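There are two complexes below, and they share subunit A, which is joined by subunit B in the first and by subunit C in the second.
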Partner chain A sequence: MFFACRDITKSYGNKPVLKGVSLTVQAGELVSVIGPSGAGKTTLLNILAGLDRPDSGELRFAVPPSKKRPVIMVFQDYLLFPSMTVFENAAFGLRARNMKKDEIRRRVCDALDYFQIADKANAYPDELSGGQKQRLAIARAMAPGPSLLLLDEPFANLDPNLKQDAAAFIKRAQREFGVTTVAVTHDLAEAFVMSGRIAIMLDGALAVTGTPEEIHKNPGGLEAARFLGPVNRIPASLALAPGPGQGFTSGGALYLRPQDLGLRKDPQGEALVQGRAFTGRYYIYEVALADGPLTVHSLQNGIVPGDRVRLFIRESAPAAPPTPIKETA
Partner chain B sequence: MPAKTTILLRLAPLAIPFLAVFCGGLVLAAAQSLGYFSPLPALPALSADAPTLSGYAALFHGLFPASFFFTLYVALASASLSTALGAFMAYLVWGLPGGFRAAATIYKIPLILPHIAVAFIILILFSQSGFLASVGHALGLVETPADFPALLYSGSGLGLIAAYAYKGLGFVILLAYAVLSRLDRRLIAAARMLGAGPFIVFTRIALPHMAQALGASFIILFLYAFGGFDIPYLLSESNPGMLSILTYNLYFNRDLANRPEAMAALTIMLLFSAVFVALYARIASRMKNTERKL
Partner chain C sequence: MRSPRLILAAFTVLFVLPLCVLAGYAAAPGWTFPEIIPARLSGRAFALLAAQGPRIALAMGGSILYSLAAVVLSFLLCLAPAKLFARTSFRGKALLEAALLAPALVPSMTFSMGAHYAFIRLGLADTLPGVILVLTMFSFPYMLRALTAGYGAFSEKYALCAQNLGAGPLTVALRVELPLLAPAAAAGGSVVFLVAFSEYFLVYLIGGGAVPSYSGLLFPYLTSSDRSTASILTLLFLSVPILLFFLTDALLRLFTRGSRMTP
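== the complex of A and B ==
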């Protein structure tokens, strides 16, 4: 165990924000706490950082953080020091430790090289792109050799096309430096890419903890499953039988991800399609069943309102050749 | 009406008083310092048709040089003291919890006091017949109030420096606090997490953020102390005295023939102030471009 928190509670005024959070993190792990806005993720992170105190509960480190091995948080908006250059920002933690100038220069240059901002050493933070600012913030945090690195919404200020790269980069850097890391984010895909373990926080409590695969297959509860993405609630009356690893059941109903549920045109089908919308990743069909309306999220194409369809469980589809697209200049 | 004329007319309420009072006064002072418009046309040296530098020359054979350096010292010391203390106190106030921060507005009191009132406070507190001397005597620390150390009129300028520093303190706090209130407090938390102690946080995070406001405050306070009259009228030593008092004496209390000398002193003060501001602006701009630390 690197640190463990047990039954942490925290309220602001009469509003409980954390309701008995327990989490154990092993040394060298990268754990992401994901959840919707207002779930209490940042409050938990602030408590881990020592910026806030829990009302009750216990936070215990195997080796308590010290000035030599501190807990350092990278804030959502990075909080780079605006009057210092990139080099000075990265060197700040080392200078605060009165390290020798040569040693500071060597370590900072290595860090800037690794984080791909060496050419910006003399620039000021307001001259950097979002991705460069993030890498500088992480480089600044890594330089003093923290025992625990905390990342608050590391992808919130990045362009969508940079988020996956940033997630992969953070994963690489975390492994390279071997720093135990806890991130809070509501960017699911990025959290899945970079994390060894994920904890879903809903309404001030951890709903489930596990590896990305475990969480995806078994989110532990309907709310957590819905947070991870759209799920189809299939009434028992349809008697669909999922294959291994497909869907989960709750309250007698079957829940399936869009990729596991298909619709097939069938004049004898049990559902009549009444509406269709495309989200960019899947379709949302409004269908009418004998026992009431149903919303279906599916990857199935080619169905239009007015069609009568049958719902079925999809098998793994063979890979289709990619569609060629024009390259942009 | 042509656009140019319209703009000039719109500027007139501002431009006419500026031209008449500031530029007119400046030209008149410079002209009198060179012997023009002299009150004593009978004196050939002072009523010459051609300009004469005798007013300037006379200055450098009199009390002016010592007075100039004394004034410079008082202005630099008081402005530096106000700026340094003001920056530190603004930081302390900024760091207070919300309720205390409101109570700390007590620092604004010196702002509403007239300069002359501040001079009287210093006089009443620190003179050898003042409050502290009486307390010292009552406590048996000095045999008579007159044995109390001569903090005022001792040639050290301490009274003047204290008065200007106190008067300027609230002004610096006001400006610096306004700037600090825009500083993200989490920067301090970030610096502390990275291992910075209170001194480094103040010097490396808060101070650079306040630097521009402190620079402007310093200039304003320096120029006021350099040319101010009211506080020196009560607290200035006589030899060397503050330039404003020397100029006043040259103009009113001695020979009319000294008036070009008084005007020469004023002109030099103005030129020095202008050069000082230009020099400061250049240094500050260079520092901003290269290091952004001030």
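== the complex of A and C ==
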């Protein structure tokens, strides 16, 4: 164990933000806490960083943090010091530790080299691109050799096309430096790419923890499943029989991912398509059934409003463990 | 195109023409309406300026000294309350803020009556520290407003970030917060300097004539019939804020190295 928090609670005024969070992280792990805005992720990170104190609960490190083994956080807006050059920013933590000039120069140059911003050493933060700013913020945090690195929304200020590259870069750097890392983000794809383990935080509590694959297959609850992506709720009256390991059932209803559910044109079909919208990755169909309207997220194309359709479960749908889930929403 | 020309014309009429008139008076004491061009030039005022050089320099030096001291003192005094007002919310905040800003709203004559009595009792009347203190008390609201806005313009997370990187409170204050605060401090400092530098009544009352001041030197000339000397002294008076503007700009560039603040 590197650190463990047990039943951490935190309230601001009368508003509870963390409601008994327990999380254990092993040395060298990269764990991402994902969840919607306002779920309490950053509060948890602030507590781990020592910038805030929990109201109750326990945070225990195997080796307590110290100036030599610090916990360093990379803030969401990077907070690069605007009056300092890239070099001075990266050297800030080392100078704060009164290191010798030669040692500072060596470590900063190594860090800037690794993070591919050595040619910008004399530039100021406002002369850097978004990706460079992020790399500088991480380089500045890594230079003092933290025992725990905390990343607060590391992709929030990046262009969408840079996010995946940044996630891969962070994963590579984390492995190479071997520093235990906890990131909080609501960028799911990036969290899945870079993390060894993921914890989903909803409304101040951790809903589920596991590897990205485990989380995807078994999100542990409908709310968490919905946070990971759209879920189709098929009423029991439709009597669609899922194949082995497909979808989740709850309260007689069946829950399927868009890729698992298809629509087929059928004049005798049980549903009438009333609307269609393309999200870029899948379609959202508004269909009317005998017992009410239904929103269907599907990859199916070629169906237009006015068509009668039949719903079916795709044979090619990837198998998922048949874990019944609790309906929480 | 029309708008910049209009601004330039307004600038010329409001600022440049009066200066030309002052320069005209300085060189031609007898210049009067309806003469468009002065009929006779005289170097008398310049000769007087040269003859009284040491006295003028002393007055100018005194004014600059107590004005700069008021800037430094008001800056130091306002740091903590400005941070408090910008960063925290508490009961009675608006009332306290209004009370601290009150000296700027009260006429200096009203303000000085109570202050003078207290300064005599404290032994600060007729002294340079007394003048510095009274000017600071009178002008610090301008600094307070500027610094409060300055603290509000950058996130308190900069300090948290520096602290998280291992910096102590002094390093956080000097290396992180001060450069971020520099533009606001420069703005507030400029106003405090100008208020202190142009203040006549408070300096006269509290300084009691023992503290050399440029406004004290200039005032009798302004009320006299010697327009020529008054004009040249006024132009000299004006040169200080202009020099201050360029000096502040240069210092600010050096201090913040021309970088912009990230949100």
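In the analysis below, the second predicted complex is superposed on the first by the 313 of 329 C-alpha atoms of A that agree within 3 Å, B and C clash if a C-alpha of one lies under 4 Å from a C-alpha of the other, contacts with A are read in each partner's own complex, and residues count from 1 in each chain.
Going forward, a residue touches a chain if its C-beta (ideal position, glycine included) is under 8 Å from a C-beta of that chain, and two chains touch if they have at least 3 such contacts.
Keep in mind that this is a model prediction, so the values were computed, not measured.
Placing subunit B and subunit C on a common subunit A by superposition gives a clash between them. In the overlay built on the shared chain, the residue A:92 is in contact with subunit B and with subunit C.
In the superposed model, A:169 lies in contact with neither subunit B nor subunit C. Contact with neither subunit B nor subunit C is seen for A:283 once the two complexes are overlaid on the shared chain.
Ranking subunit B and subunit C by residues of subunit A touched puts C first. Of the two partner chains, subunit C is the only one that A:125 touches; subunit B does not reach it. In the superposed model, A:227 lies in contact with neither subunit B nor subunit C. In the superposition on chain A, A:73 makes contact with both subunit B and subunit C. Working note: subunit B versus subunit C after chain A overlay, options 57-65, 129-137, 147-155 or 183-191, clashing stretch identified as 183-191. Residues 49, 51, 67, 70-73, 75, 79, 81-84, 92-93, 96-97, 124, 140-141, 144 of subunit A contact both subunit B in one complex and subunit C in the other.
Against subunit B, the residues of subunit A that register as touching in their complex are 49, 51, 67, 70-73, 75, 79, 81-84, 92-93, 95-97, 124, 140-141, 144. Of all residues in subunit A, those touching subunit C in their complex are 49-51, 67, 70-73, 75, 77-84, 92-93, 96-97, 124-126, 133, 140-141, 144.
Contact residues of subunit B toward subunit A in the complex are 184, 186-187, 189-191, 193-197, 200, 204-205, 208-209, 211, 292-293. Residues of subunit C touching subunit A in their complex: 155, 157-158, 160-162, 164-168, 171, 175-176, 179-180, 182, 255-263.
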